[in-house]
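One chain, chain A, links the two complexes that follow: it is found with chain B in the first and with chain C in the second.
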Partner chain A sequence: MAEPATKNPVEEQKVVDEGIDVGISRLTEDKIEKVINQVLKGETGARLKTYVSTCIHCGLCSEACHYYMSNDKDPKWSPVGKIKQTIWEMIRKKGRVSPEFIRRAVEIAHTECNQCRRCMQFCPFGIDIAYLIGMVRRICHKLGVTPRYIQDTVHSHSVTMNQMWVKGDEWPDTLQWQEEEARGEFPKLRIPLEKEGADIMYSVIAPEPKFQAQLIYQAAAIMEVAGVNWTMPADKGWDNSDMAMFTGDNEIMGRIKRTHFETASRLRVKRIVMGECGHAFRSVYDTGNRWLGWSQPPIPIVHAIDFYYELLKGNRIPIKEKFKEPVTLHDPCNVVRGGGLGEKLRYVAHALCETVIEMYPNREYNYCCCAGGGVINCGPPYKLKRVKGNRVKAEQLMDARTRGAKVIIAPCHNCHSGLKDIKDYYDLHMDIKFFGDIIYKIMEKPE
Partner chain B sequence: MIDRSNWDWETKEKAVPIDPWKENFSWVEEPYASPDGEQVAAIVNIDEGEFNVCVNGETWENPFEKIWYLRYAPDGRLTALVSDTAEWTVAVNGVPWEKKFGYVWNTLFSPDGKNIAVAAQADGEYCMALNGNPWETTFQNMTYFAMSPDGSKTAAVVQVEDFGEGEIHKFQKGCFTAALDGQAWDTRFVNLWNMAISPDGTKLAAEVRTSLYDYSIAVNGQVWDKTFQCVWQPVIHPVTGSVIAPVRTGGKWTLSQDGEFLWDQRFLQVWHQTFNADGKTLAAIVSPKYGRWTVAVNGQPWVVTFGTMVSDLVVSSDGSTIAALAKEGDQWKIVVNGSPWKDTFDMAWKPVIGPDNKQVGAKVEKRGKYTVVVNDRIWPKECDAAWDPVFSPDGEKILLRTVENGRYLRRILPVTEITG
Partner chain C sequence: MNDIYQFVSGPLAWVAFILFIGGSLYRVIAMIAEVKKKEPFIFTYMSLKYSLRSILHWITPFATYNWRRKPVLTVVTFAFHICLFVSPIFLLAHVTLWDESWNIRWWTLPDGSADIMTLIVMASCVFFLVRRLTQREVQFVTFVSDYIILGIVAAPFITGFLAYHQWFGYPILMILHVLAGEVMLVAIPFTRLSHMLFSPFTRAYMGSEFGVIRKSKDY
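The block that comes next holds the complex of A and B.
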């Protein structure tokens, strides 16, 4: 396989991150000890103990991790290496670790692990490294040391219940603007706001109204053509994303998920369909609902992949002609490994595209985009580490490109941004698309 | 409350054909029925950028460029958020408020319908507007909203300190507070969320976060002495004025009154605590064990539990009847005083309790058709749309509002016709 080129390799610089630096400056060993023990005793149970006592340091998980593989198999990047440098040491020292130790722990937990759970599949005991990294993030949150960018995002969640500081009026205003735009093409199109008793509530993540309003336009167009009885809330609860889950601010995670589900419940919809996003799926389907006491999502959550599958299978989206350029598929960890949607993703891709070229490895063994787990949300200071930490992804994409793929379909927002950085850095010259982009392009529209 | 005694409880049936509306307009949006059932209305599109509201077949006098959130106030006035020349306001029975804004949203009504409030933005500044009158003070951002029980006061969570993008430490010092009728508290908080205003309008209580970790309730700007791992929306005791909120402590939830524990019981979740009129009965939705949900009355959970969700808790004014919706898998049930009714539904709406505090009715949906169910008996009509049933003041009759075969129908039935 051809080695992907790298653009101007820049020396890694010491990162300045106010979220970490200021936080560390306020720490003492006594405070650290107290907080670690509080979290370990008060919030972890048998699961942590079992993981710690069963790991035999065999290293079978190492080669599963894109960071380890991309950093020349340096053991400090291996899954268990990251655990050794963080939670194990905290346990071994009974919480008595230094502020500098915490600085390194935050960096590892927030910027050197995507919580993608690929490694877990290779561990003979199924040890969930992502869970352990999550514990480290929870401890860091409690210590007040979280990277600035993602902390700001969580502040936004806490104030507005969306991740991009979108204000109360900006949301319905944006939807009405998109509705008006779309009426140029579909004269009777509606984005029905607050329509109680609709079948479906459609929820998105805040970057859509903020920067990518055309995605809302496209979704509305698809709903219109497929004749779906749908609605969107006009007030809080429209954003399904959740960076609090990734900073260990479980209380805010719970609050935003409660808002999302209770909004759907208030609108009396039967299901929530969510846009093409991976981490939000994990939050609504697994982590957030459980923190609140709902063992299952109280209103069923349907990921966009699943929804498109249903529409295409039922012939509800008439297609003019299939998408011509050869595509390859990026399986987002949270919906494929975590949500089992791998086969439906392929059904949708084949129904829409003439040529589908698989990446290897794929499905639940696909390599993560390296953006997920909140890593990309830690912002520009960590971008270089992120793209360098995913050379294997570049190789994987390069291989698909060599076999003819021109477009990467990535049905996840974070994957999009992460893959874009990788393709730019490694000069890959491939396009990245959502399924929504392709459906909108090839579906039959009124003359 | 609304006096329903002067409504027409005699005429058995009144009909308004609504299907023909489709021929007069380029499209007709979903219909809304007035509380007394005498009217049915919908937003209609006339032409590009020209909307109106059609009420019983007649449009309002003037069209608007945009119209959304058509809702009847409890007193029967029809309201909508309307826009002309890029300005927004509220139209009541077709007459827009004189005062216009950059945007308005989140209409609130007092239970008697006399007061109508919205959140408003003008020139990038935010405030509440009550009956067309905006607060004197405006704020750079405003997130949560509340109205006092009589509707004479409005409150909001407002931003009172600047902070720039990414200024996380400034944010954490506290840049938000609550404002009652535009008067902001002096205290600053990291966050404030849902609020409650006391019946006499003197007390405003809000969920607050004083640091990234400490949650409590603030009343008129004063935080309870205790902090908790998390809190949910407070309510105010209807008689004593004390403040009651769910609080999380040691990983479990319970209710606290003015900062002291009110219930001895601990649950995996407690929310939507609701009082009856004299405050002697306090019910809440609780999770007694992981993945199980029920209602607890004065701390005692019902024996029956449900796996998926419990919602829409209602307490009769004398406290003797407590009803809620419960979901098991994808099916909904109505549960009254701990006993689930026999039928299950694809969807159910908030139960309605009759004036005798005993009768319970609800709108329900099965296989895409709507009807109502009263005291565990289904009204055997399958309608294309339906609204909540309304009991007559003497509890003998029931008002049913439905759409059947393109006609809106207002029916008055003896309750016994459904309950047998």
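The block that comes next holds the complex of A and C.
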């Protein structure tokens, strides 16, 4: 297998990140000690203790991690290596660690782990490294030390209940604008706002109205062609994304998710269908709902993959002609390892595309894209580390490309952006698409 | 010499077994009680089916993705753990002791097989040691305590092997062997050897999370 080319191998520079630098400058060892113990004693229990005392230090989780594999198997990137450099040390020193230690801990927790949970499938004891790293983030959050870019998105969540500072009227304006555009092509198309009792509430992540409004257009077109009885909320609660989950700001996570679920229940819909996003699925389906005390989501959550599966299986989307270019599939961790949608993803891919070329490993064993878990949201200062930290993904993609794949299907926003950076950095020359892009392209449209 | 032997194999053995059994019960009960108190939601997700699915996969050689990826380690660790349990429990000399003191007996291993099993345990310990010393990812997370733990596990087998073959200093070796065995028993609940106690629970929880919520595999 050919090695992907690497561009300008610059040395890693010292990162300037105000969110961290300023936060660290305000810390003292006393304060750190107090916060760490408060979190460890007050917010964790037998789970953390058992994970820490059961780990036999065997290193078997190492090769699960794309960071470890991509950084020449340097052990400081291994899952257990990252735990050693953070939580073990905090426990060993009973919380009394230095501000510089916290600087390194925040870097590890936020920019060197995607919480992709692949290592949990490798550990013979099923030790939940992602949870442990999440606790480190929680501690850093309580210390006021979080990378600036992602912290900004959390501020936005807190103020606007969406991730991208989309203001009150911008949201319905964007929907109306997309509706008008789409009516050029589908004269009867509506984006029904606030339709009580609709079958489905469709929710998206805030970057869609902000930068990728065409995705809303496409979704509306698919709903129209498939004849779905759907709606979108006109006010807060439309955004299903959640960066607070990744900064350990559980309180804000709870607020966002409650707003989302309450909006759906206000609209009396039967189900929430969400766009092609992995982390949002994790938040709505696995993490946020549980923080709120619902063992399962209070309203059924259907990820776009599952929804397209349903539509295609029921022949509700007439296809003109299958997508010609050979595609390969990226399994987003949060919906495949975290939601079991691997087979449905393949059904949809085969229903839409002529040639599907698998990457290896795949399905629940797939390597993460290295963007998830809030890592890409920590912004440009960490981009180089992120793309270099996923050389294995580039190799996987390269391998699929040598076997003919031209297009990568990545049904997750973060994966999408992360893979784009990887393909640019390693000169892979492949296109990346959502399922929505492909369905929109190949479905039958009115003349 | 005989007095010392009587002491280590008498009162001290009692102490060791009490600490081992009592300590193990304490650790497990304390863990469950803490879950009840602080994280009771965990019980909501526990599923017998997925717990067993996970545990059975992980205690079967090559039944998990990672066991298949690491064939040598898999063979060694399974051989090690099986011999570790089987040889002391079914060793004729040990069963005889139980028989003499409590009048209970069970099936025993032929001495030759027990000898081979002991050799397997010792060789595996050497393998783990070499791994710790040479593999960077293991070395990085190794503490002095890891060597001590390995030593604690190897010691009863080394001393037992030497005592059985009676190459030298039988009485003293016998005393050391009994002591080493007692140290190992006591170490199980109070060191990372407690993975024996906790692994069924961590596996069951992760298996349940993956089965019930994530609908995918944790193996």
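The rule is short, and it goes like this: the second predicted complex is superposed on the first by the 447 of 447 C-alpha atoms of A that agree within 3 Å, B and C clash if a C-alpha of one lies under 4 Å from a C-alpha of the other, contacts with A are read in each partner's own complex, and residues count from 1 in each chain.
FYI, contacts are C-beta pairs under 8 Å (C-beta built on N, C-alpha and C of every residue); 3 or more make two chains touch, one makes a residue touch a chain.
Keep in mind it's a predicted model, so treat the numbers as computed, not measured.
K.L.:
So, does A:D17 touch the first partner chain B, the second partner chain C, both, or neither?
P.N.:
neither
K.L.:
May I ask you to decide whether A:S295 touches chain B, chain C, both, or neither, giving the answer as first, second, both or neither?
P.N.:
A:S295: touches chain B and chain C.
K.L.:
Touch check for A:H57: first (chain B), second (chain C), both, or neither?
P.N.:
second
K.L.:
Contacts for A:H155 in the overlay, against chain B (first) and chain C (second): which applies, first, second, both or neither?
P.N.:
A:H155 sits against chain B, while chain C stays out of touch.
K.L.:
Is A:D421 touching the first partner chain B, the second partner chain C, both, or neither of them?
P.N.:
Neither partner.
K.L.:
Is A:G197 contacted by the first partner chain B, the second partner chain C, both or neither?
P.N.:
first
K.L.:
If you stack the two complexes on chain A, which partner ends up touching A:A46: first (chain B), second (chain C), both, or neither?
P.N.:
second
K.L.:
After lining up the shared chain so the two structures overlap, which partner does A:E112 touch, if you call chain B first and chain C second: first, second, both or neither?
P.N.:
Neither: A:E112 stays clear of chain B and chain C.
K.L.:
Kindly list the residues of chain A that each of chain B and chain C touches, one partner per complex.
P.N.:
Overlap of chain B and chain C footprints on chain A: residues 295.
K.L.:
Any idea which chain A residues touch chain C in the complex?
P.N.:
Checking each residue of chain A against chain C gives 44-47, 49-51, 53-60, 62-64, 68, 73-76, 78, 80-81, 84, 120-122, 124-128, 285-286, 290, 295, 336-340, 342, 364-365.
K.L.:
Which residues of chain A touch chain B in the complex?
P.N.:
Spelled out, the residues of chain A in touch with chain B are 18-19, 22, 42-43, 141-142, 144, 148-149, 151-152, 155, 158-160, 165, 167-169, 172-173, 176, 183, 187-188, 190, 192-195, 197, 234-236, 249, 251, 254-255, 258, 262, 265, 268, 270, 292-296, 298-300.
K.L.:
Mind listing the chain B positions that touch chain A in their complex?
P.N.:
Against chain A, chain B makes touches at 26-27, 29-30, 45, 48, 66, 68-69, 102-106, 119, 121, 126, 141-143, 165-169, 171-172, 176, 190-191, 193, 209, 212-213, 215, 229-230, 248, 250-251, 268-269, 271, 287, 290-291, 293, 307-309, 311, 327, 330, 346-347, 349, 365.
K.L.:
Mind pulling up the chain C residues that touch chain A in the complex?
P.N.:
30-32, 34-35, 37-39, 41-42, 44-45, 54, 58, 65-66, 69-70, 73, 135-143, 146, 192, 194-195, 198-199, 201-203, 205-207, 213-219
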